[in-house]
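Single-structure report; data block below.
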Amino acid sequence: MIKEIFNNKKREVETELGFGTKNYHSSVRFLNRDGSLNIKRKIANRYAGFDIYHWLITTSWTRFITLVLCGYVFINTLFAIVYYVIGADKFGGLKMSDGIDDFLQLFFFSAQTLTTVGYGHIYPNHTIISSIAAIESMFGLLGFALATGILYGRFSRPKADIEYSNDAVIAPYQGMTGFMFRLGNKGQYELIENECELSVTINNKETKKREFHNLELERKRINYLAFSWTIVHPIDERSPLFGVTEKELLDGDAEFIVAIKSINDTISQPVFSRISYKANEVVWNAKFTPIKQIPNKDGSISIDMRDIHLIDRL
Amino acid sequence: MIKEIFNNKKREVETELGFGTKNYHSSVRFLNRDGSLNIKRKIANRYAGFDIYHWLITTSWTRFITLVLCGYVFINTLFAIVYYVIGADKFGGLKMSDGIDDFLQLFFFSAQTLTTVGYGHIYPNHTIISSIAAIESMFGLLGFALATGILYGRFSRPKADIEYSNDAVIAPYQGMTGFMFRLGNKGQYELIENECELSVTINNKETKKREFHNLELERKRINYLAFSWTIVHPIDERSPLFGVTEKELLDGDAEFIVAIKSINDTISQPVFSRISYKANEVVWNAKFTPIKQIPNKDGSISIDMRDIHLIDRL
Amino acid sequence: MIKEIFNNKKREVETELGFGTKNYHSSVRFLNRDGSLNIKRKIANRYAGFDIYHWLITTSWTRFITLVLCGYVFINTLFAIVYYVIGADKFGGLKMSDGIDDFLQLFFFSAQTLTTVGYGHIYPNHTIISSIAAIESMFGLLGFALATGILYGRFSRPKADIEYSNDAVIAPYQGMTGFMFRLGNKGQYELIENECELSVTINNKETKKREFHNLELERKRINYLAFSWTIVHPIDERSPLFGVTEKELLDGDAEFIVAIKSINDTISQPVFSRISYKANEVVWNAKFTPIKQIPNKDGSISIDMRDIHLIDRL
Amino acid sequence: MIKEIFNNKKREVETELGFGTKNYHSSVRFLNRDGSLNIKRKIANRYAGFDIYHWLITTSWTRFITLVLCGYVFINTLFAIVYYVIGADKFGGLKMSDGIDDFLQLFFFSAQTLTTVGYGHIYPNHTIISSIAAIESMFGLLGFALATGILYGRFSRPKADIEYSNDAVIAPYQGMTGFMFRLGNKGQYELIENECELSVTINNKETKKREFHNLELERKRINYLAFSWTIVHPIDERSPLFGVTEKELLDGDAEFIVAIKSINDTISQPVFSRISYKANEVVWNAKFTPIKQIPNKDGSISIDMRDIHLIDRL
C-alpha cells in the first residue's frame, strides 16, 4: 500500500484537510462532484443555525422565484383578511357587493399598498385602516428592497465557472508516471492568479485509518486560465502513490480532492472551486487529447471547451 | 513560573497582541467569551467617534426593528405637526372635522407621502404644502433605501458561526502534555482555509508585568472545517507553559486568546472569529470525547455539533 | 535566439502564464492593448455560459442605457397588449375612444403601474386586470431595483485607471541594457501597494514551440503611484533577452505581457490591470523623457500625465 | 548626513515609495496630515479622468446633501418647463390660473412623478405628457436608487478611524535612541492584524537628490489595536538616521511617511491609513506619557484616547 515516506511528519499529513481519520469503511465520498461537502452537521436547536440569507442566496432560481411569488400572495391575503374583518365599509371608493368580490378588492388594495402603487380609487377612510395601510406600505418598501438586494446578491455572487474533465488519468508522463486532470474556464469572467491544491484520501488497511496526503504538483499556479490547464502530480519516489496499482486505489476507496483558488478579474474578488475524483473516475493508461487552438481571421484564437473531457486510451 | 525561554527575543513577545504589559492586577479579561474586546475607549467628543453605521449593523434585531418603527412614527408625527400648523384646509379631499381627526388624517397623508404610496384621496392643494410634501417624498425614498441597505448589510454581513468547546483541556497527548480546545462550524456556510493563532497572557510575579506569549500549534491550518477541529499546543520544552501547574495558571490570572481566520465559501470573503479561555475554563487531565460520525444511507456523514463540548475526565 | 538559461527549470517556465506552447505561427496576440484576452472559448450550449450579469456590468454605457430604455418600452407594450385584449372597458377613468388612443392610455397605465407612480386617474376595475396589475407592479419593483443595482455595480466597480506608455523601449541603462515601459495613475483613486509582473512570449525556431519566460524586474513593488513608474527589466546575463536583436524579436513575434496589481485606496479593494507590448511596439535605443514635476504655490506638485508617452531617441 | 549604509542595494531604496528622486528643493510635503497625497495629476482631457463616483463617495456630507437637493430642484424645474411649454391644459385636475401658479403646480406634479408618489389629483391627460411623465418616473426610480446606493456606499465605506499622536519623538529608548510615534483606534470598529510601514524622505546635499529610506521597526504587526500602539524605529548602526542631528533633519526637509494596514473586524475588510510627520513635527528628547488604563467595576478597562498626544520632555 501507500508508502509512509512522510513518516517523519506524519502527524501533519493525517488531518490537514479537516476530514479526520475515522472514516475507515469502504464507501465514503467527502466531496460531491459539484464541490459541496457530503457532510451533515446537526446542531442543538434545529433552527438556530439556519441562515435564511445563505439559503436565499444559494437556492435554485425556481425555488427563489416561487418563494417571492408565494410570499407576495400570502402577505396580501393576510392583509386582505385583516381589512375584511375590520370592515370593507371603512374604505372609500370601494363598490360593496358580495363577500368574495369585496375580499378580492381588498386583496388588490393590499397589493397596491405593498408595492406603493397606490392608484387611490380605493383608499383607507378610517383611522385603523390608515394605520394598517401605513404599516403595510412601510414593510412593503423594506421587504421589496430586501428581496431585490438578495436578487442582486444572487446575480453578483463571485463565482468560478470551471469545467473539470469528467475523468482523471494516470499515465506515463515525461519519462515517469503522472496523475493528471484538466480544467478550463467556461464562464465569461477571466480568471487570473489561479492556484491548485490536490490531496488524496485512502483507507490504510494496516492502521485501519483513513489517511490524507498532499500531492505535490508540477505547477501550482498559472496567471491566466486562457485555454485549458492540465494539472499534473508526478508519481515519483516522493509521491505517496508510487507503486500503487489500480486495484489498490479502488480497494482503498481513494478520493482525489481538488481545490482551486482564482481571482475573478471582472469583480476583483477571489473565487473558490472544488471537485473530487473517486478511484473509479480515474482512467489508467490514457492521456488527454490536445485541445485544438483555431486561429480566427481577426487574430484571436478559438477553442472548444467540450474538448476538455476528451481522452485517448494508450 | 513561566520559563523565559524566549528571552533573546523577549521584546517581540511581550506586546505583539496589542494589549500592553501594564495590567498587572489579579482580575482582568481582555476578550469576552463572544470574542469582543473588554475595553472601553473614551474619545475627546463623546459623539465624535460614534459610528451610526457600525451601530446599525451590529445592534440586536429587536433594537434595529424598534428603531425603524419608532423612526417611522416620529418622522410622520413631525411632518403631521408641520402640516397641521400650516393648515388642514390647504389640503384637497380632506374631510375637516375636529382637531384630532384632522391631525390623524395628516399623519396618514404623511405616511402615504413618505412611502410614496400616494393614494391621492388627500392631496396637497397649496404651494407650501406641495413643497413640504415634495421634500418629504424625497427623504422618504432616500431614507427607506438607506434602511433597506442597512437591513441587507445586516443579512449579508460576512460571519463565521463557529462553535467553541465550553472548556479547554490540558492533558497527556502523544507522549507529552498538550493544551487543547475544539471547535466546529455550526453555520450553513462552508468555512475553508481555516487558520488559528493562540496566545496566552499571564501575570509575571517577578517582573510585575502582564506577559504575552505566542503558543505554537501542532497544526495552524486546515482546508475544510468539515467535522470538528481539535487545536493542540504541545507543552514541550519550547513551550512557555512547560512545567506550569494548574494553581500557577489560576494565580497568574491566565487567559488563552484564540483568533480564527477562515474563508466563507458562499460569499468568498474572509471571516474572523475570536474567543478566550480563562484559567478556570481549562480542565486538567481530561480529553475531548471523540465525535461520532454516523454514515447516512445517502452516502453522506452526520455529526452532532453538541458533541463538541463533551470531555472525558481521565 | 533566446538562451535556455532556465534550462534546469524548463518545465516550469514553459506554461506558467497559462497560454500553452502550441501557438507556433507568426502572428498571434494573446493580450489586446486594453488588457482583454484575445481568446474565444466555445462551450457546449451556446447560452449556457452566458452570464447576463457579467455582460450588464462590463458592456458600454450606450448599450446599457439603450437596453434599459428598450426593455422599459418593450415590457409596457407587452402589458398594454394584454390589457387591451382583455378589454379597455374593464378600467375605471379611461375615456374610451378609437383603438389606438385606448392602447396608448393602457400603455401609460402600464408605465404608471410598473414604476409604481399610480396616479389613479385610470385604475383597474375588474379582478383580472387587478391581478395582472398586481403582478406588474411587483415585477416593476424587483426589476427597477435590479436595474439600479447593476447601475450602481457599474459605478462602483473596482478599477485601476492606469495610463501605459504607448511604446516600450530597449536602451542602455545604468551601464547595461534595459527593457523599460512607463505607467501612471490617471484616475482619481490613489493606487497603493502596486506590484508588477512581466513576461515575454516568443516563437523558438529550434523547438518549434512558443516559449514563455518571466522577466525579472529591478523593482517589483512601489507603495504609491504618485507620479509615474518606470518598470525596468535589466537585460544582463541572467535575462532570456540577453544578446537578442531587434530583428529576432520581430521574427519571433515577441509579446511582452504586463500584469499590474494594486490596492484602490478609496474602496480598499485590490484592482488588476494588464497590457501587452508586441515587438513592433518596442522602440530600440530610446529613453523616456523625464516627467516635469511643477511645484504649485500651495505646496503641492503638478505633473502632466500626457508626458508618460514621451520618448527621446538616442 | 545620512549614512549610505544601504549602499549595496541603493537602487532599491531610492524610489520604492513611488515619489521619485527629483524633488530636491527645500519645501515639499508628499503626504498631507490627513493622509492624502499632495500631488495633482493633469490628464489629456480635463474631464476624462474625472470619476463622479469617486467624488460622490469621498466629498463632504454638506456638499453631497446640497448636490442631491439642488439636483432634485433642478430636474423638477427642467421637467416643469417642458410640461409648461407643451401646455398646462393637457393635464387633468389642474386648476388653471396665472402662469406662475400653473408652473408651480407642474413643478410639484413633476416632483410627485419623479418620486413615484403620484397622488393623481393632477394627472397627464394627453399622450405626449404621458410619455414624458413615463420617462420621468423611470429616471426618478433609477436616479433615486443610485443616490441611495451612493448614500449607502458613503455609510458603509471601509475606514480606519486611527488617531495619530500630534508629534513624533526622538528619544533614548532601551539603551539606544529611537524614533517613535503613537496611534490608537478612535472608531467603534475593532481593528485587527494591524501592520505598519515607516519610511523617511530627505534631501541629500551631496547627490542633490531626494532620498527615500525604509526604516526598520521594532515591531511591524500587532493583532489587536486594543489600547495604543507605540511604533518604534531603533536608531542603531543599521539605521539611516544614525548620528543625524535635529538641525540636519530640518535642513534636509525630512518627512516621515507612515502607512498602516488593518482588518476592520465588523466588515471583514482591509482598511488603510496614512500620515506623515515633517521634521518640525518631531520632538527631540521627549517620550510619550503612558496612557492610564482604568479598570471598571464590570471588569472592563477604560482608556482616554486624548492621552495619545501627551508627551513628557526629558
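For reference, chains read A, B, C and D in written order, and residue numbers begin at 1 within each chain.
Just so it is clear, a contact is a pair of C-beta atoms (placed from the backbone, for glycine too) under 8 Å apart; a residue touches a chain by one contact, two chains touch by 3 or more.
In this text, all values refer to a predicted model and were calculated from it rather than measured experimentally.
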Taking each chain's C-alpha mean as its centre, the one farthest from chain B: C
State the pair with the higher C-beta contact count; candidates are A-B and B-C. A-B
For C-D, find its twin among A-D, B-D or B-C: the pair where over half of the contact pairs carry the same residue numbers. B-D
Could you put a whole-Å number on the gap between the CA centroids of chain B and chain C? 37
List the centre-to-centre spacing of chain A and chain B in whole Å, with centres computed as mean CA coordinates. 26
Two or more other chains touching the same residue: where does that happen in chain C? 112, 116-120, 145, 149, 269
Mind pulling up the chain B residues that touch chain D in the complex? 11-12, 15-20, 22-23, 25, 27-30, 36-44, 48-55, 57-58, 92-93, 112-113, 116-120, 123-125, 127, 130-131, 133-134, 137-138, 140-142, 145-146, 149-150, 153, 157-158, 197, 199, 259, 269-272
In the complex, the residues of chain A that touch chain D are 116, 118-120
In the complex formed with chain A, which residues of chain B make contact? 68, 72, 76, 101, 104-105, 108, 111-112, 115-121, 144-145, 147-149, 151-152, 155-156, 161, 163, 174, 184-190, 192, 194, 218-219, 221-227, 229, 263, 265-268, 290, 293, 295-296, 299-306
